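Presented sequentially are two complexes of chain A, the first with chain B as partner and the second with chain C.
Up next, the complex of A and B:
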């Protein structure tokens, strides 16, 4: 009786998970695995690493990888700078501010990247409000080239992926005991030192998690660089699209997309393993309250 | 004391400025949509509602909207049902390879969208039986399933198992205990997950781009076409309507599960 109900439970749960597993194997794993396989095939269907060799031996392609890493690095750095005030205010200014900040931060995630980029195109173009006000203020004489430049792409990336870092950072800061800051203040630490000596070190787990998400999302982003960078700014995802849609070079395009996937996954895996080691270490030290 | 107060004001001003940065592209689009000139300009010299009358007359808009609603309308319930069932098995039943299954179901979150897009394009071409609406629907289910699984698994892990055991002792069969015990406990998560799945599918550009063809385009792809070819504010009016639509959906999901759970859902 017991054995029967256990095996029927197994069948029941198998029936529940089965369709999703079968669907994902067929509709996701197979296409991605096929793409990975085709990056190792020559036109006459022989195994080859020629496509990867071509990528890593041409300075032009390496430059594209470097562009991706550099822009993602800038976007991550700026996101960190903007995320700290937001996360700190969420954790310390009470529920009213927290809810407003959360809602405003999440809102862009629910709006198509096409619409957001359209808004940035209006803001950043030569006759746009940013250039006009800078000229009116006498900061610049000629309009700055913001749209179709690296600046535009970085602004767009920060705007899209800021929520990814604000949320983990806010929960990390919320866990920091407010009395530590008070103690530091009583001992005469300036606001700057309280940040560098209390908040910053204790929020590292949230910072690392958020920065990893922003970085990997930024190197993988296609729409933002395509719409705000134009044709001058080539990054890995736009290069993949160009190789496949314009040049119809499927095998090289799939090799480039595998390089992109490995870089992005690699950053995530490094973060996961470091974070896991850090968690083990801190749990041995005893709970931090 | 006044120093602390001054610092709080400084923080609030800084926060307000960053929030303005986040909202600025949306505000600019909305303001431009009320401009009366034939050329999109910020700030508009004079205001009118006339571009809102032009929206539905945009060439090909109604077809693209219908395609988008069809795809998201099929992809959302599919993803909700598949994801909820898989989450039940993952949380309730310990089986070998469980973490591998979980990793596979969540893997679309860690593969760049463009890579998913071309992988699907290659795959659907090679099997050559599906038209682009089918292909996009399947792709949208695959990329939204992880969100559903993540939300429902989190909600099931918080579930009170004793109610389930009580139902079993009272003679409820598995279906009855699902509909009378489990579903009421997870329904708000399932609902907000469904809203998010719809948004992700309806807004998707990077993957649909590869799977659409000349006769079948979704709304985001059509919109980009307008942005690149039109210079009047009709496109801003359309974008404003979609912004309002997103704000409403966001409010509904905040109302259903609270802002914290919505935040977690969105990727943090």
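Up next, the complex of A and C:
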């Protein structure tokens, strides 16, 4: 990598990346700074923490934060459980399976979330195909409340964000030498213990990256909770929209979005520290690999 | 010095491979392979890549399902039995150490899977680490070890379970030259000390010659010959074995006359004598392929007396290899340069274009009566 180590070449590449970096920073900093500023302003333009005080002293608002955290947590947990078999099959079963899974996973991304959510509304409603099938099979007597419930929102979130965890997980599993599993097998590890002792710990970097993406995306999702949760399930993004668009309370809406932003950043920081702890052994490569 | 290793193994058979085949689609990775390994033996499977040697090793370990045949360990059929119930140890070319576990946890892995008592595990792991002289590295991670150290841990992880059979897949291929020579001797010494029956795969003939009790030379899914290193070198049964073990010069000739124990052969106008062994099928006017090892040919700058052997040749190169001088000569008897090696000679006084006369003893000629099979060399 002689060329890259020359400082003129490095400046060249830096210059090429410069506009994109500037664009990303601007697009991140501007709204956050605007919201942060407005969240600390009283109607008569004085500095105040009243909006935050209001948020944290009102049980209804705290319940909204709790809804957001809980739904994002469930969506992430279910995504992890669904993602492992998919990612493992993608990484290990050869190009045929890989393409099938990739297509099935990526395809939903090509359709707008709004359209998909309406699709789920049809599937999940009381007289919809899912409830009818379950009743026909005799599993249930009365339709389950799937639409406009937490279950519906979690199903929708998992469907939308599953690819975000399958792809990093598959690439993490792909990097695990298949002979490690063979070695574990010869040493007496069952399929379950090969997973818990070899695949799981070695795929933690991919798992952490994917889980962080799913969690932060789920907690800031607006369309899915709005269309599948309805009035009953209030989450942080729907509350922000309500405050700013319906009630025109910019300052309180800003304070709510700042709380959401801080939660997301907190998750990101946890991810970084977990990833650092689980990869410290892999940074020390021996002279012979 | 070659130790007489036969004394160390009894007649007890640890591994029997019978009529083993493995087909991938239409290609046959293993073609009716038979192999018997006695207790305490160190046997190498030697051959070019794709000859089936790794498939054979992986079949024994249970990582590959053979299409037909039988594998027995200590007389017990193991095909269809799970890998970890076969009581074999396997060392991978890349060592396959668990990178997220310390050396101690790597070595303890198999014992933990067997749910041994903690105190038993501690004791066995300590002993295994001591055997490979790595007791001071127990708390390191594999990534912090050199290639040779990683290999020792891979060995310790296998032998801690007291396997009947130790299987090594190209164990030295990832090491640099100096370390490889050292580790070969170390593994051989370890194998002697522990007395474990060992089968190892290599494509490197020097490596096979250095450490094996016997070598199974494989080609195209078959074992062409299995013998001691000396027997393989002196009495290769096929042209493939001849070409794979050591250097050789090959001359095509025509049989003139066959007597009870010898034959006269015409070699581009020169009549030479060869010994016709009991299994050589020579017939007058038949084609014959002869081979003479480089160190068995005498190159003299004195013309032969009438009645003496002396095939004229010209020097094209003299290569100094330290202890050995290698002369390359051109002669009408062969399309390829003839190689003659001289022990402890120096190249002074030998010039390109010098005329020399080649001779050898009839007993030094290896005879193959079917020259067509020599095309593979």
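Operating definition for what follows: the second predicted complex is superposed on the first by the 242 of 289 C-alpha atoms of A that agree within 3 Å, B and C clash if a C-alpha of one lies under 4 Å from a C-alpha of the other, contacts with A are read in each partner's own complex, and residues count from 1 in each chain.
In the analysis below, a contact is a pair of C-beta atoms (placed from the backbone, for glycine too) under 8 Å apart; a residue touches a chain by one contact, two chains touch by 3 or more.
It should be emphasised that the depicted structure is a prediction, and the values quoted were computed from it without experimental measurement.
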Touching partner for A:61 - first (chain B), second (chain C), both, neither: neither
Greater chain A contact set [chain C / chain B]: B
Which of chain B and chain C A:201 touches, first, second, both or neither: second
Which of chain B and chain C A:193 touches, first, second, both or neither: second
Which superposed partner A:30 touches (first chain B, second chain C, both, neither): first
Partner chain(s) touched by A:182 [first = chain B, second = chain C, both, neither]: second
Touching residues (chain side chain A, partner chain C) in the complex: 177, 179-180, 182-189, 193, 197-198, 201-202, 278, 281-289
Residues of chain A touching chain B in the complex: 9-10, 12-14, 16-17, 19-21, 23-25, 27-32, 34-35, 38, 82, 85-86, 88-89, 93, 97, 99-123, 128-129, 159, 162-164, 166-168, 171, 191, 210, 213, 216, 219-220, 222-223, 227, 237, 240-241, 244-245, 250, 253-254, 257-258, 260-261, 264-265, 268
Chain B to chain A touching residues, read off their complex: 7-8, 11-12, 14-15, 18-19, 21-29, 32, 40, 42-43, 82-83, 85-86, 88-90, 92-93, 95, 101, 104-105, 107-108, 110-116, 118-123, 126, 138-139, 141-142, 145, 149, 174, 199, 202-203, 205-206, 210, 220, 223-224, 227, 235-236, 239, 242-243, 246-247, 249-250, 254, 259-260, 262-264, 266-268
Complex contacts: residues of chain C adjacent to chain A: 61-63, 83-84, 88-90, 92, 94, 96, 98-100, 109-110, 113-114, 141-147, 150, 157, 161, 174-176
